[in-house]
Structures are given as structure tokens and as C-alpha cells.
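Order as written gives the chain letters A, B, C, D and E; numbering starts at 1 within each chain.
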Amino acid sequence: MLTFIIRRLLIVFPMLIIISFLVYLGLELTPGDAVSHMINPEIANQISPEQLLALRENLGLNKPFIERYFIWLSHVLRGDFGHSLSGGVAISEIVFDRLPATLELSFVAIVFSTIFGCVLGIFGALNKGTWTDSTLSVTGMLGISIPEFFFGLVAILLFALHLHWLPVGGRLLPGYDSFFDRIPHLVLPGLVMSLMMTAGVMRYSRSAMLDSLSREFIRTARAKGLSEWRINFIHGFRVALTPVVVLIGFRLPIMIGGSVIIEQVFQWPGIGNEFVFAVRGQDYPLVMMIALLSVFAVLISSLVIDVLTALIDPRIRLN
Amino acid sequence: EKVNQLSDVRVRQAIAYAIDMETIADTLLEGKAIAADSMIPNGAWKAPGLDNYGYNPDKARALLKDAGWDDTQTLDVVYYYGDQLTADLMVALQAYLGDVGIKITYRKLEGDVGGQLGKLATAGSETSAIEWDMAYGAKAALALQEYYNGYQSGKNSYSPGSAQVDKLISRINGTVNVKEQKQAFVDFEKYENKNLTDIPLYYQQLFVYESDRINRHGGSYGNEQFNYDWGLLDWTVEADKDGKRVAYTNTAPSQFFEHPWLNPGITIQQKITFDRLLTADGSLVPTKGQLAKSFKVSKDGMSVSFELKKDLKWHDGFDLTGSDVKGSVELAMKVPGINAVFAKTFESIEGAQDYTSGGVKGVSGIVVDGRKVTFNFATLDPNMLLTFSQFPPLPMHLLGSVNPLEFQQQSYWQNPVGSGPYKIEEVQMNDFVRYTPFADYHGGIAKIGEIVSFPSGENDANVLKNAAAGRLDFGFTKSVGDVKALEAMENMKVVPADIPYTRSLRMNSYPKKP
Amino acid sequence: MNNHTDNSNQLLGVEAKPNQALPADPNEKILALRDLKLFFPVKTGVFKKTTGHVKAVDGIDLDIYKGEVLGLVGESGCGKTTLGKAILQLIKPTSGAVYYQGSITNQLPIDLCKLSRDEMIPFRKNLQIVFQDPHSSLNPAFTIFGSLEDPLKAHGFSKKAERRRVIGDLLVSVNLHREDMDRYPHEFSGGQRQRIGIARALLVNPELVVCDEAVSALDVSIQAQVLELLLKLRAERNLTYVFITHDLSVTEYICDRIAVMYLGKIVELANADDLYSHTLHPYTEALLSAIPIADLDRRSHRIILEGDVPSPLNPPSGCPFHPRCHKRIERCKTEVPTLKAVRSDKGMHMVSCLLSE
Amino acid sequence: MINRTESALNRKFDLLLAMEEAGKLKPRKGNRAMRKMFNNKLALVGLVVFLIITLSSVFAPFLVDHDPQKIDLRGMLQEPSSEHLFGTDKTGRDVFSRVLYGGRVSILVGLGSALIAAFIGVGIGSYAGYKGGWVDLLALRMSEILMAFPQIILVLLLVSIVGQSLLNLIFIFVLTGWGPMYRLTRAQFLSLREEEYVQALRSFGLSTSVICYKHILPNALGPIAVNITLTTAMFILAEAGLSFLGLGVPLNIPTWGNILNVAQDLRVLQNYWWLWLPVGMVISLFVMSINFIGDGLRDSADPTQQG
Amino acid sequence: MVDDIALSVRDLKTYLYTNNRCNKAINGVSFNVLKGKTLCIVGESGCGKSITALSIMQLLPDLSRIEDGGITYFSEKGPMRLDQLPRKGVEIRKIRGAEIAMIFQDPMTALNPVFTVGYQIAESLRQHSVLNDKEIKLKVIDLLHTMGIPMPEVRMNEFPHQFSGGMRQRVMIAIAMSCNPKVLIADEPTTALDVTTQAQIFTLMDKLKQEHKTAIMLITHDMGVVAELADNVAVMYMGNIVEAGTVEDVLRRPKHPYTRALLASIPILGRGRQQNIKAIRGSTPDSYDRPKGCSFAPRCDYATQACDEMPDEIYISATHSVRCSQLEAIS
């Protein structure tokens, strides 16, 4: 188990280095640079070329690529993520500023979707072929087929603009900074994101459950005279849990990236929002750091999944 | 080597005739725009009798035929606004031009927009340095001269310029005599109207909106993009159900506060936390002192002196002195990318050249004497008062020793210390900023107990969302779509303001690179 | 006879071994395996280092004579399949040699293990295999013709009509219909599929066919059909079979010689009758006794072995069978027995057991 | 509840039994998977919807008179009528014809990228899965790297790198889509190569490419087809999402995402439902129909599911 | 005689409904399982052996139904009609595992991979006995010990995949025997195992039968197993029992053409290469397309017109019954 974790970690690090290099390389190829974005296009042509040059020089944009990469990497390794080009703000500051918002939203979505998705999925599997199951299946399908921003916009139209039940977006209001104060703001994006994710978890846990229920050990359990409840939950669900945990694990990285689109729709000031902002503004260091962090999140969460599934599933644990 | 057909004035005229700007203004722009006949906005300085190139597709076709238009080519049209309206406008342009036989495709510029738009042809090169054929853009100017200064030869790749143009332009810059100036403008406008150096499309309006909770107590409306005397000190707001008098607005920062030396009044923070030496009226004509108790311009316009008010304080309690003013101007001279009007004014100051080239320590033309600050100019700048009505001095005890190239990168811009009627109380980047009245403000204590701004801006769906949710009490927009929606809201009032903001089509009239 | 052996061994280019099974006529030898080993690496640890080997085939010397049916029996996992595949070079052996001395080599033995993939192709024609599972041995996506035509193409049948004829003839010879070639595998029963599998093996007229559990998955009634067919084909085409199975009743019925494998090694090798009547190795003895016999008059005395087949990853020291052996002596724990010839009435009988020395 | 379903089941049994006795139930010829697919009502509905939308997009020029690019500023924002089925947009273009023409591009982007991604992924995956070696190692590492990014982050990153255009978008989708396809095919081949018919082909010394692409590939196509449908659905949603962020297909090309993009404007959302609701529903319906087909394909390929 | 019957199946018909077809998997099967005796059911793959067993346990697949006939279990409290109990009801659950236990063919998949072996054995005890946890643990250890698993205290805490096939099958038997059932149904318990392991398992089952007087119903397709273990034999073909009787009856004096052909088609160890085995011609018919009358008729050398009708069971002796209309012609 320990060697397993160590091995995974040994894969993670070179991977991060390679990815950081690729990301850096890729962004180099984008048109324009930080300077051109610091300056409003309407007056850009009024700035003298010398000034631009000086500016570029100063931001280190004129050094050779490899050199810039290694400078940057050594900084990152020292915990200094560099500065956002557009405002010179420390990226770590931006990230830690935005992270709570994203964590808040995705935590709600993950918890909600996991609970409801599993419950509904198991319910569907246990009632396979019935009217309820079909309804759930079609609803689940709808959930994964509607574009999430479309769903979000309609939700805003309905609950915020027509019914005035909930705020249209944003996260913090002055003077309301405890979590409970924020709940009204959280409800709509949280709900939209949760529902979209619930659909996926539901479909997945339903099929995992069906799969597990069709296995032979279920018949053995029946032959022991166990109650249906024990058969379904102790034997069936316990085995179906592994793939469900894997699925949920795959969702963990949204803890970093957030749902980019949902955050945009609800002007939720999270990392996803920041990422789009940075991509639009060609803020390389920021784009790069967020992308890298999300890769980091993916790699770590895949590690977590592996460990978790190993804990759940002795077949994996003992091999 | 082929000549660029867009350099043929007949083609440009044909394009102007082909576009039914009146209809576009009525429909797409929902009557919130005025078809333009010149870059300069309507008003006293407008030349009479300009041809407005009204919609006439037949004439356009005839002109094209005359010019031998090659209708197999497809023109590449670029723009840089991300809003839906621009996209819709492109659709309309494509249809109208297509109708007379000019095929276009359009695309939004990404990346280095400024560079792509205005790149200069290398000296001596006959070919254009830009790739597009036409660019849809806007010219906004603080001073009328700015509309035309860009057409001087050697400024960019899309207006070839000529000795004649240069002469006309130097005339509009060369005098403070209003009559002479006006005549120079009229002459240039006529030249422009005939030659279509740019194809002016429409004048954009700006709209100030406010909720019914706000009472301006007679404060005027004006060009909100800049700073003018809007009487904020006297404004009141209805108390909310908790009895708090809070007004909501937008343009809160997402990462940092934008410094006020580029777009001096574009965000609420720049407006309310900084004071200028002078203040202006709604159409940006400098009127009276703000930080200055009084000011005096010499007869020849080559010198101006300001007498600062007594006991001026920064928000952090430090004194605001004449050396803050001098230091700010000196710093601004070295900061890249400041407002063009400011830059022009500061360049004209005596000793500016020596200072920026690094030879001397200070600018000899700026003299501080107690509370009196005098600027002596080497060349005449007709807009220098305008500059001082928009340019805010910044606290030199905080910014005095910064590297001007990293001006915007200073941590100061996370929570700037200003001199205006409101100071920043709390910043939650990307969430909100809270402003409260500055107790030591020289003009008295502002009446609105608290101003809260959220991070949304023009063309931003969130403006409407916030307004609908009762979280937007005042602000401004240039987006026609926003206006219509705000007008439809019962609690909101919209006041249009004419602003110097002209949308036009630029032509790449140089031959393109083979 | 000894002379012959020596000659053949010189011919084969290996050192003569005194305990070699002696062929009746060396010219009829078709394959000779010499110290054949096939290890699967086992990777563990942080760096996936190879920490050990599954010794699936662990040093096998074996001659296969033309026209014989050589049975290969043993418990699951003892390396039968692996040996079969190693013979055909479907898995490259770790070491050792497989000398081929069939028709195309002008009687000159050639070590198949040394050939490259391309050099191997002409030999493949002569060595074929029939698999165990009738469900996975045919490609469900193709008709029988579709499945069988590519091998023919690869071996020089360029005309489609010709290929159809060959395949048709072959199907007839395995008691199917010519028309069956245009049907899909799922339209056939298990027995039919197995016959198609045999037809495929015979497609390019091989000399030797390895039958890997060719009848194990079939029902008893169908098993008999396939056995009959195999015997018929051998007679018609002068085939040599290596018949891998774990069913000793079938082996007894069909094989001329039988090799009993345990943990990658041959523990006993003898003519069929000899093996059953004069069982020498305790393992063979236990194996035979464990088989339920469908004859009410012949209830055998069962020898119940302890435990299961040990893992070939770390086989026991000494005689690999000693932990389960009912006759083990102290020596068995340390001394490794070798396969030695024990002369008996009915030809060569070889056994690897300390007790029979 | 239980009794009701039981009796319903019993009734069905009685019916089947009666028909069996009467000899009406014939052994059925044809592909069992196909049959199951056609017995699956949702998949069938999905297929019909998919075909209707796809065909009407493909044959849009024959179905609608309105030029999707033809503006009519004086006739802007008309409500749906018999003349304009989905009304007109802000420049007076016919929304219905725009939806149909937009479908062409959206389906091209979705299906096209999925197919190209599948072509590449399957091409490499088959060989790598069958043969292993450095090709496999390289492709595996590459797909690992690509798959270490959350999908949307990677797409946005690539958009920022290569810029916005139709071809670039397809390129990006292909780049992000081949990895999973490769993984799937590789896994399939890893298990299929152990099948005995493959061993048999190898025993004839057939070349790797013949064994791999001709003989094994057809057997791996089931899961691949399912994955193609799901990937198509994903790409169509991704295109819409990117266009929503303004980072998708350039606005001058009508796509479903670009048409729906106007719904960002609250005024449109509140007042001009026909500008977003029909196209939103078309996207959802189309994606749903593909998902149903995918589900149907999966179920029909799954031998453990009775049909 | 009747007192000895543990389980009686009369004219059982079980149909499976799949692929929109009806598979008459079992079409009128009758037999008795006697206390302390082993009944072997032999037959080719797909002839309905497993379905018979599952019908008794009420463990049939969802899309299936017992159409007709009866299954009577003679419990201590009197006869019970198992076929009439609801599949998921409490009554049948009290019988499953406690009174009638079953061992399945594939020990690799029949155990839940995520629970320890000990837990899975204890589960059955917990369900059907009043023992406390400690007693259960001791009993589990005892059971594993009886099954010949070394170090049961340690191995009970291991997971199924740490066990070899033979050991897993022993665990399955331990589960089945945990509550001392009156009837043990073993569905091909050794097909997945090696002969040496098979011998171990059968020895074990034999011992249990002796000790507990358990009635065993052993399903197999191996005539050798029948000869060695069975007291009574039922030969099944295509959903019918074509011949039944004691081992002596069936193996020494087979009457049904199928039984005869079957016995003639298998090589028997020790008879050498000279034995003459004869394959049965043709192949088993499609289960959806069963012959109208006697299902063996298409492959039978003695078939006549009369075989188009399903023949009745004919008792040749008190114990020996045959389903064939051509008995005279054969003998």
C-alpha cells in the first residue's frame, strides 16, 4: 500500500514538471503578451514603441524562453507562484482569495449530488423496469443533456427575476460574511451545479448497483436466506460503492477549477471565474498557475481515489 | 504590386453610401445612437453642411463600378468589442456591403489588440503593417484635438496621412484662440468629410442611470466616463429596512484598482476617492478648483498656478501638499501608457524633456511654493486645464519612490489611499468594495452613509441582474441593450448624456504585404 | 539404438544426455525440445522491478516423433499451455531450444527459438494449434470464410475461388457442410465450432498440431465426436498431435505417449499403457486415483493430496511435489530429482522421483 | 405495488406463453444486438430525433426559404409566426433557418471532432493495445498528460493558445478527445488480444496490422461506437458552453452555441424567449437523443442485459 | 419409504421468458431426494439441471416462472409447498440456508469479494441461529477446521481472493453446512476445480452426509462422479428426466437410448486405447425450438412416429423409471 502510494507520487512529480513545461511552452505561442493587455486598445497606438519595449524588458518578457521557464519553475518550487501580469498581484494571493468561494460551491455540489445521486440511483436500480425508474432515468438523461449555462440562466430567470426568491448572483454582501449569511447566494448556483452533477452520479450509481446486483454472490447471499435489505445494501451496494467512489473522485478536481461556466453565469467569484478572466486577458502566469493547480488537483485526487478504492475494495488493497 | 483599393476615395465613399446607418441606429441601436457625419461630435465646433453619405446603394454601386472594384475579394473586418451588439452590427454591415458587391468576413481581434490595430509600418516601407482591411472601432477623446491627432502621418498604418493633413492638424493644435481653433477644426472636418480618412458611423451616447432611492439634490448629469462636478457630497439615499443609508454601484475591481492616470474616471473608485486640482462641468469644461482654492492662467496660456486649499489630508491622515502635486506629475511622465491628453500636457511643461530623458532630478517648469504650485509651459497646450481637471495627484509618501514601469503593480492598488470625499473601508476583491465618507474631507462630510460597489461593468449581464435585484443605485453605461432593459425597470431612471465618442470604420489603405 | 541417439544429438547440435528417451527411429523425430524454459517476470515494488519469475516452463527436454499423439497432462497452472505456445513460438521462450526437423528443412534441425518473426513464417505452416474454448476461438465478427481466408492468403493462396475451395474441402473433412463457410460462429454449436477450430489448424497442412484442451469445454457426448474426428484426421493426414489436457481418461484413450507435468517440469513420461499400468511417480499415482471412474465395478482407492498446486513463483525446495506427496522421504525436501529413464517392458519410461532411483 | 407489477409481469408471461404455444414466436434471424437496439424504445426515439435534426440540418437549404444570414433590420425581433417559425432575431434574421444552418456546424463540430478523435484514438489504441512497445508508452504518457487536465480547463487553455476559429475548435476537441478513445480501445485490445482466435491468427504468422485492424477491430467497435456517441454529445455541449463564454466558434458562423449566446443578455432572456428557448431545446433534445442512442448501443452490446 | 423423503419434486415445469421468447427449460420433472442419500442429476449442458435446483430454492431469475407442478419439502413441522411461497417472502428465507442449502458451480464469483470469508460464513449463522457473536466466531472456526482449512483463526479474516479455488469451494460448503441443513443442493461444485481438488471436496461432502444424514442433490455432468458418489441417479435431457433410478439401475442396466448412448460415448479410465467409444450423432437442439414429443428423438436410433408424443414415465422396477415409448424395441 505504501509502495503503491510512493509509486503514484513518483509518477505525479515528473508529470507535473512535464505539464508545467508544456503549458509554459503553449502559452508562449499565443499572440500578444502581457504588455499589450495592460494597455487599452483605444490608446495603445498613442504609446511610444520605446516605452512598450521598456515595459516588456521590465516584465522579463524579453529573456529567452528556456531561461524564463526555469526562473519561473524555481520560483514555483519555492512556493512563489509569481505575479499576475495584469495587476502585479501575487498569484498565491489571488488563488487563496478565490479558493474559498470555489470550495464552498463545489463542496455543496459534490455533497448534494453524491447523496442524492446515490440514493436515487440505488432506488432506480432496485425498482428496475418500473415507471419510477424510467422517469428517473429520463430525468437523469435530461440532466446530462441540457447545457449547464442554459439551465443556470433559466433558473435565474425563474427564481431570481420572476419570483424574486433568490439573488441573481454574487457571493458576498457587505456585512454578511458568515457562511450562513451567504446561503441565499449559494442556493441557486449550488442547486444548478448539484442537479447537473446529481444526474451523472445517479446514472452511474444505478448502473453500478445493477451490475453488482447481477453478480453471482448476490445469489449466494439469497441462498443464505438473508433479508432483501441485507442483500441489496450490505452485499449489493458495498460492491457498487467502488465505481461510485471512483466517479466522485473524478469530480474532486472541480474543487480547484470550479465549474467554470456555472461560476460565470452566477458571477461567483471563484477560481473558475478567475481562470476565464485570465484566459481572456492572456495573463500567462495566472492561467498557467491555475491550470497547473487543477492538474495537481486531478493527480492528487486520482491518488485519493486509488487509496479510497483500495480501502473499500480488498482485492485492490491486497494486491 | 497591387494597390489597395480601399485607398481609392470612391470605394470608401461607396462603403459609406452602402450602409444604412439611419436604420441601424433606429433598429439595432434602438434609437440610442445618432448617425455620424464626421469624427467630431455634434456641437459648436461642427462644420456646417457636411455630407452625411445617406443610404444610397445605387450610388455606391456606381462608385464601385467607377473605381473598378474587384468583387472577387473578401475584406477582412476586425473589431474588438466582445458584446452581442457589435456582433449584430457586423451582421448588418456584412449584409449591407454584400448588397452592393463588397464581400466581408468579420472576426474579433484577440491577444495584442492595440498592436494589431495600430501597428506602424516600418519606416520607408510602402506596405501596411496590419493585416485587416477594415476595423470597426471607436474614438473617444477627452479633448476634441484627440479626434484628429491620430491622422498625422507616421502615426499608424491605417491613415496614410499627407503634408496637407499634417498641416491641417497642426493648425488645430497650434492655438488657444478659440476662433482660430474653430476654423481649423471646420477645415479639417471638411477635408475628412470629402476624403473619408475614417468612415464615421454613429455617435454613441452615454447613459447615466440611477434608482429611485437616490436623490441628487440638484447635482448635474454629464460625461460619466470622466470626472465632473456631480455634487456627490449632497446626494442622499433612502434608508433600507435596517435603517442604513447605503447606495450600491458597480465597477468594483476583480484583482486590483485601476490607476486613474489612464482612464481617469472610468471606475467609481477613481471618481470618489480622488480629488483633482480642478473640477469640470458635465461637458468636461474645467470650471473651478477642487483641491485648488483658486487658479490663474497667464495671458499667453504658457503658465498656470494653483493655490491649494488649507489642511488638505490624504485618507491616511497625511497632509496633501504641493510636492504631492509636483511629484505626481513627475511620476506620471515616466509611467507608460497614461492618458494621451495628460501626456501631451506634461510633455509641454518646461524641462519635461530633460526630466524624462533622465538628465535632471526634477521638472524645472513645476514650481512649488508653499501651497502654490505653478506650471510653466514650453509649448502651448490648449488642453492643460482639462488635464488638471482630470488628473488626480497621488500620495507621494506612498508612491514617491516606486518604479514607474511597475506603477500598476504596486500593492498600493490593492487598497488605494486617496483624497476624495469617500475612502475605502473594506475591499473583498471580486466581491465588493465598501466606501465610507472621509471625515477630514475639505468640502465637508458626504451624506450617503456608505457606498458599496460590486464587480460588474458596462456590457455586463450582471448590471441588469444587479439592477433587477435592487443592488444598483447609480452608474453609467454606453450599452444600448442595458439602457433599454434599465428603462423597462420601474425603479430605475436613465438619463442620456452626449459624449465625444464616435464609432467608425478604419480603412487599411496601404497595400498589404504580399 | 544408443548410436542413433548419439547421432541425432550430434545432428541436433547439443550435448548428448545419457538419460535421453530413445526414439525408435531418429528420422521420425519432428521436434526436439532442449532445456526449454519460459519464465514470466513478476514485477512488484515502487519501481515495478522484476522481483521474481513465474517459472511456467522450467527446463524441459522432450522429443516429439512423427505421427504420434503425445499427451501432456497436469493440474491447472502447471504450464501445459505455456509449453504448447512455446513450442509454436507464440511466446518466445526464455532459454533453451526447440529444434524442428520436419519436411521443409531437408531434415536439418533448426532451432525455432533463434528465428525472427519473419523467418518463422514458413515454419508456422507446419505447426498449428487448436484451442480450448470454442466460444472465443472463432472471431464473432467474421463468417467462417472471412476468418479462415487471411491465413490462406498469407500462405500463398491468392485467388479467392481457390481459397473457397480449400476451405470448403476442409469443412467437409471435419464433417461440416461446404455452405457453412458463409455462416457466423454464433450460428454453430460448441462441437461444431470446435470442429471448425480443428479445420483452421489443418488449413495449411501442418505436420504437428498442438491441441490445447481441445475437448475439455465440450459436453461428453460431443467430446466423443471431436475425439473421433481427431483420430480420423491423424490417420488421413499423418499428423502429429501434442494433446494437452487434464482429463486422464481422454489421454489414455487417445495418446501414444504421455508426459505428466508438475510445476513446469515433466515428472513422468511414458507410453500410455505403461503409465497407467506401471505408475511410477507418486503424483501420477494420486492423479489417477483421484479420477472418478464411470464404472461401478472399478472403484479406485483414492489418494487424497494435501493442499493445492503451489505457486510456480516460488516452488518448494527439493522435489517440487514433496509437500503434497504421500510417499515423501526426508531427502525429498532437499534433493532435486531429475528425469531419468527407467526401462520397462513396453519401451522407455522416464520418471523424476528419488524413490524410483 | 409489488403485487401490481408482479401481476403485470405474469400477464406478460401468459401472453408470451400463449404465443409460444401457438408457434407464433419464431427464432429470429439477424443480429441480436441490433434487435435489442430496436426493441429499446428510448434508443429508437433518440435515433428518430437524431435523424430528424441531423437531416433537416443537412438539407436545410431545401427546407427553409429564409437565408440565415439575410438581415431585415425593420423586421427584427418578430415573434414566431407561420412566416418565421422561431421568430426573428435582433438583426431580423429568421431564427428557424439559423437553427437549421447552425445545426450543420454544431453537428459537424460535435460529430466531426468525435469521429476524428476516434479515428486517431482507435488507430493508435488498436496498435498500442495489441502490440505495446514504445508507441504505446508514448501514447499512454501523452494521453495521461492530456487527461490530467480537467476538460474545460484544457479546452480553455488551448483556445487561448491557438485562438478562436472553427478549425481550431475541432482541433482542440480532437486533441482533448483522442485520449479517452485511445484508452478505451487499448483496454479493449488488451483483452481481445488474449482471445484464442487472435492467437490462432498469430500462429499463422499474419502481419500485425492485418490481425489488429482487420480481425480484432470489428470486435472492439461496440464500445467504441458507444463512446463516439457520448463524445459527440459532450462536444456539442462543450461547443455551446465555449460559445457562451465567447470563446467558441467565431460569432459570424451560426452554431447552436452562438445562437444561444444571446441569452446571456437578460433582456433577451426575459423578453424574447424565442431567441433562446427553441435553440436551447434543440441542443438539449439533440444531445439527449445521442445519449439515448449511446445508452441503447451500450445495452444492446451488453450480453448480461436481457432484451 | 415416504418417511425418508426430504424433498419431493412433482411434475415441475419452469419456463424462462427471455428475448421475447419462452424457454421451456424444465418440462415436467419429478424426483425425490432421500434423507442421507445422494441423488445425482446428470445431463448435458443446458438440459435444465441448474434451473431445477434454483426452482427448489426459489432463486430463479426474475423473468421466469414455475408454471406447474409442486415442490414439497418435508420439514420437521410437516410438508411445505416451496413453489407456492413468495420468492422474496419470509417463509422461504427461513428455509434457505437453514433447511436447504446450496453450493454453486463457480467458487470464484459466488463469494462477495469485499467481505472476509469469516464474515460471510457468520452471516448465515447470524441469520438463522440464536448464537451470540463469540459462539458464532467459534463455530466459524470450527466449520473452517472441519473443511480442512489450515489455521482457520487467521484465514477467517482473509478475503476470498486470497483463497485458492478449492479453498473457496470449501468455504462455500462451510456456508452451506453452517446451519446443518436437511438438504444440500450442490450444482456442479467441482467443475471449476482440478481432479485432485475435486477428490478432496467429494470426500468432504461424503463425510458430511454420513455425519448429518443430509440429503444431497448433486448436479454433475460427469458419469464418473455419478458412479462414485450417487445413491440415486436422474438423467436429464432437454428439460426432462429421461431415466431415473438407483446407480445400479441406471449404470448397469440403462434402458433409455440417451443414457445408453451417453455411457457409450465416454472413455473410461483403465480401459486403455482399445475401448470403443461412440459419439451421439447430431447435437442438442435449440432450447427455443424443442422437438414436439421426446426431445431425444432426432438423435435417437430407435425413434419412430410414436416418439412425436411425449412418452410417459414407465416404472421398470420400484426404483427405476424410464421415459421412452420404444422400450420394447430396444430390449
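FYI, contacts are C-beta pairs under 8 Å (C-beta built on N, C-alpha and C of every residue); 3 or more make two chains touch, one makes a residue touch a chain.
Since we're looking at a predicted model, the values are computed, not measured.
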Weigh C-E against B-D on C-beta contact pairs and write down the one with more. C-E
Centre to centre, using CA atoms, which chain is the farthest one from chain E? B
Max Cα-centre separation from chain C goes to chain B
Could you tell me the distance, in whole angstrom, between the mean C-alpha positions of chain A and chain C? 56
Need the CA-centroid distance for the pair chain A / chain D, whole Å please. 23
Where chain B and chain E are represented by their mean Cα positions, the distance between them in whole Å: 92
Per the C-alpha centroid definition, the whole-Å distance linking chain A and chain B comes out as 39
Would you please write down the residue numbers of chain D that are in contact with two or more other chains? 163, 264, 266, 270
Numbers and ranges of chain B residues touching at least 2 other chains: 110-111, 465, 468
Where on chain E is chain D touching in the complex? 15, 17-22, 24, 63, 65, 67, 286, 288-289
Using the touch definition from the top, list the residues of chain E that touch chain C in their complex. 44-45, 164-167, 194-200, 202-203, 221-229, 247-248, 251-252, 261-263, 265-273, 275, 277-280, 283-284
Partner chain D, residues of chain B touching it in the complex: 20, 23-24, 26-28, 82, 84, 87-88, 90-92, 94-95, 105-108, 110-111, 461, 464-465, 468, 481, 484-485, 488
Tell me, which parts of chain D touch chain C in their complex? 195-197, 199-207, 210, 214-215, 218-219
Contact residues on chain B for chain A in the complex? 80, 109-118, 120, 137-140, 150, 155-156, 246, 254-256, 262-263, 336-337, 339-340, 343, 403, 405-406, 408-410, 413-414, 426, 428-432, 434, 450, 452, 454-456, 462, 465-466, 468-469, 471
